[in-house]
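Taking it in order: structure first as structure tokens, then the write-up.
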Amino acid sequence: MKKYSGDWYWYYVINSVLVILILFPIYWTFISSVKKPDELITSEPTFYPHTWTWQYYDRIWNYDTAVLTSATTATNNSSKKIHKTTGSVTQTIGIDDAFTNSAIVSVGTIIFSIIVSTFAGYGLTFFRIPFKEVLFILLITPILVPAISLIIPIYKLLKVLGLTDSYLGLIFLHTTAMLPIGVFMMRNAFSSIPNSLREVALLEGTSELKIIGNVMLPLAIPGLLTVMVFAMYISWNDYVLAFLFINSPEKTMLNIALAKIALGGSQFEMKWGSLTAGSMISFIPIIIFYTLLQRYFVRGITGSAVKE
Amino acid sequence: MSRLRREQIVGLLMTLPALLLLSIFFLYPLFNSFWMSLHKWPLFGKPKWVGLDNYVWMINDERFWQCLKFTLVYTITVTPMLFIVAIGTALLCNVKTWGTTFFRSIYFLPVVMSFATASFVWLWLYSEWYGVIIFLLKAIGFGPEDGQLSVWTDGWTAMWAVNAMVTWKFAGIQMIILLAGLQSIRDDYYEASRLMGASRFQTIWNITLPLLRPSIALALILSIAGSIQAYEQFQIMTRGGPMNETKTLVMLTIGMGFDYFKLGPAAALGVIIMSILFVITLIQLRLFRKAY
Amino acid sequence: MNYILKFLIIFSTIFSISKTVLSEELIIWSRGGWSDWMVEGFNKKMADEGKDIVALNNLIGHADFQVKFTAALAAGERVDVANIDLINVPYYAEIGALEDITDFLKSKDYYDKLLKGMLALGTNNGRHFAAPNAADVSGYVVNKKLIPNPPTNWAEMTELCKQFAADGKILIAWPGNNYGGQIFTVMPVAWANGGSWTSFDGSKAELNHPKTIEMYEHYQNMINIGCVPKNVSSWGWGDKQDGFLAGDIGMIGTGNFMINVVKDHLDKVDPHFMAFMSKDGSTKSAFIGGDLIAIPVTTGNKEAALEYIEYVLSYEGQVEVYTKNGGIPVRSDLFEGNPYLTDQHMVFANAVNEPAASAPFTYVYQELMDPWLVFNQRIWNGEDVKTVADEQTAAMQKIIDSGY
């Protein structure tokens, strides 16, 4: 890194302008989600909210869920969002449920990724496995092949396994997508732990599992956190797989539910408030992850090459 | 059992979950996709071997060429945009001063947002009636007097509109990659060039960029690979319109498989996309081999 | 070892939490909001007759139905009864996804009163695989507050167009961006004029029929005159409907469901329903759309499913449930003396009997939507109609020829 030796104010001016440009869309989304409809749907937008309302958050959070309805309760069941003008009926899901669905899959992916990557990384580091290097390369290959090319076979596979339209199916797919990063990270993490540490513990009679749990993992926490951060990133932000492989309305993921709001209805219909509110809701968990664990994002991309 | 044998078995068992996942959800579909692309797969009934017919059919279909052309045009236009912004911000962040970390985290922020969410956000910004970007453009003087200014009615403007969004979203990742490379350049080089009286521009051109080659290579490979697989941004923002002018290869693949249920051709399309990616990546690696 | 065991236990638990269906429950997949009432009525009847059949309505909605249904079929998921958009049925019948119900239908005394156009779409090689279920018929709706004298032929329409353009108002608008909407409300005008979309058996694309070209030139002319928004090629279904209901548009193409929808907007709209017409106004037409009801081969209880279909086609189902809620019955013997069919409804019901009224027969509807939409949009954007028609017909023909 160079020590800055130029004109101070230029540096700050340029950076400030860039920061404003980059943050503007997010800022705009936020204020749009809290403006009252009159102020929002206008051809003369205001750059800070003159009015304030939480109605959009309220509305989308509590959309009624349309699920398999038993006919005997049909008359009381006003839970379908009936499009007022076209008369068509769409099955939508409350954003709270969609949020939960995405959370379930993300947490599942995190847990599975951590387990699978840790074991694989540990095995590849400390054991003399036949074809160790080959296996390692194999585990990295998914990053080179686009999942899109494989969606049809994956679809058939899920059907055979009975995993279509299931959280577990998505979790497995996301975890597989995480394999390259996860195994790579954990192997790196374990490689930097001296072998002697393990040898001593083995001599003392501790089981392998205990070693992993009590000795290795605490030392590999940065690696673990990186895996966690990326698992969350890949799983929470996934659109294509969630779109294609989840069919039931009650299992819809957050991104897809928001897409339904965005793309449904006419352009005159006031969906923008709901959409921006939904976007903020979707953004918040990942922002939290990011703020707390920023360095692990960076580390994951560069393999800890960037100084903080 | 020898100690080595035991170690091998335990080691393999440890890697087993990962290998299982890999085989079931990656390797098997990979081979299956080649297999499927050589058959006709009716919804009910047995698949029929058709050899390379699916490929021939796909290559003879105008839709394929239209989507391929657009995907390539998109890749060629968005990659430089991304790169320029990334290298600019990387250079800016490569200084040791108060605020650098803060700026860096802001530039990286759009990366963590999901692609779908970013698409919605920009869809709102570009909204024909109420979007703020349209408002600002009109204020500057763009757009017809009477009508609405819409970026979506023309394929070309639609693409650039999406390019802007993608640049905003992904420049951060490229920036980090380039930054890592920048930080590995030893200060001596800069010292030497300063002593020789080189201007800042000359320094960047003759010292920084060449030494940065491996990072640039990585950034470009990732960027191009991602662009060729573009799906969400266009599916959400343009739906391939107007009139399929912004339809990408992946959109065609998904449509072929999930809307028209032509599984054989869809699988063939997937293999074609994979091959294109493979070739392009190879070419890039070749070109950048000189860096080593 | 216990790690693997734990994993297996967790796996199988999650796995078995998937839906289990009791075999007496009938799974119905529907598209329209009225289906809830239909299923409710059916369950009540079953209870009254002491039969142990309960139907469960799964309301999928229009947008995703085809994709979800086909995916379910491919996965072998149990669906007992499906209400399918009629234009997709030939495909399902052809690939063998539906049960043969010919004998069941022929045994009914109303068999020859079932709407022929709809029944034809559910027929494959002389056997019936689907029955008409719910009819959606299209036509114009005119706002008499804006147009006191609705046009009876194209010349009058063009005259009105000039007047409206001079006043800067919108006479007519259509969903240029919506392929289904246009085949429902724009194409039938061409049919009235003598054109067709595909040949009767779906083997030839016929967009470039001279009469069709004539009609499209008529519509394109109206855009040029200025009484139609210039950007109509990007209008969606909701756009034109919302515009009409707000009193900003003189007339639009719509369907019989509009009869109920417009009731809430009588302050702005004085509705007059009429059929699509040929150039001189003598021939009328409509798109006879709607749902056909069928039993997928993945059913678990064909007899109970047939009971449901019987209910749907009965007087109670068609009149008390469906027509009462604004639909057009699919049995022509139920047009007479139907307490719920108003004059407005009869406009649509009569259109059904017009010889030019129909719905296209095709095995590859989904794929054809692409060139069909492009055809429309290119014309609305101002290109020469004949050129576009020839090119898009060729594109459609190519798709038809390569099969499903």
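We call the chains A, B and C, going by the order they appear; numbering starts again at 1 in every chain.
Please note the rule applied: a contact is a pair of C-beta atoms (placed from the backbone, for glycine too) under 8 Å apart; a residue touches a chain by one contact, two chains touch by 3 or more.
What you see is a predicted model, and the numbers here were worked out from it, not measured in a lab.
Participant: Hopping along touching chains only, can you work out the least number of steps from chain B to chain C?
Facilitator: When the steps are counted carefully, the minimum from chain B to chain C is 1.
Participant: Can you check which chain pair, A-C or A-B, has more C-beta pairs in contact?
Facilitator: A-B
Participant: Using mean CA coordinates as chain centres, what's the gap between chain A and chain C in Å?
Facilitator: Spacing between the chain centres: roughly 38 Å.
Participant: Report the inter-chain centroid distance for chain A and chain B in whole angstrom, where each centroid is the mean of the CA atoms.
Facilitator: A distance of 18 Å separates the two centres.
Participant: Could you tell me which residues belong to chain B and also touch two or more other chains?
Facilitator: Each of 258 in chain B touches at least two other chains.
Participant: Identify all positions of chain A at which a residue touches two or more other chains, and write them in rising order.
Facilitator: Those would be 267-268.
Participant: Find every residue in chain C that makes contact with two or more other chains and list them.
Facilitator: Residue numbers touching two or more other chains: 71, 74.
Participant: Using the touch definition from the top, list the residues of chain A that touch chain B in their complex.
Facilitator: Within the complex, chain A contacts chain B at residues 1-4, 6, 11-12, 14-15, 18-19, 22-23, 25-26, 28-29, 32, 40-45, 115-117, 119-120, 122-124, 126-130, 132, 135, 138-139, 141-142, 144-146, 148-157, 172-173, 175-176, 179, 183, 208, 233, 236-240, 244, 255-256, 258-259, 262-263, 267-268, 272, 275-276, 278-279, 282-283, 286-287, 289-290, 294, 297-298, 301-302, 305-308.
Participant: Note which residues of chain B are touching chain C in the complex, please.
Facilitator: Where chain B meets chain C, its residues are 42-45, 57, 61-63, 147-148, 150, 152-153, 241-244, 258-262.
Participant: Name, in rising order, each residue of chain C that touches chain A in their complex.
Facilitator: On the chain C side, the touching residues are 3, 11, 14-15, 18, 31-33, 36-37, 39-40, 42-43, 54-63, 68, 71-72, 74-76, 236-239, 241-243, 245, 257, 260-261.
Participant: Write out the stretch or stretches of chain C touching chain B in their complex.
Facilitator: Against chain B, the touching part of chain C is residues 67, 70-71, 73-74, 95-97, 177, 230-231, 233-234, 297, 364, 366-367, 370, 373-374, 377-378, 395, 398, 402, 404.
Participant: For the complex, give me every residue of chain A touching chain C.
Facilitator: Of all residues in chain A, those touching chain C are 66, 68-72, 74-75, 77, 80, 82-83, 85-91, 159, 162, 164, 166-168, 209, 247, 264-269.
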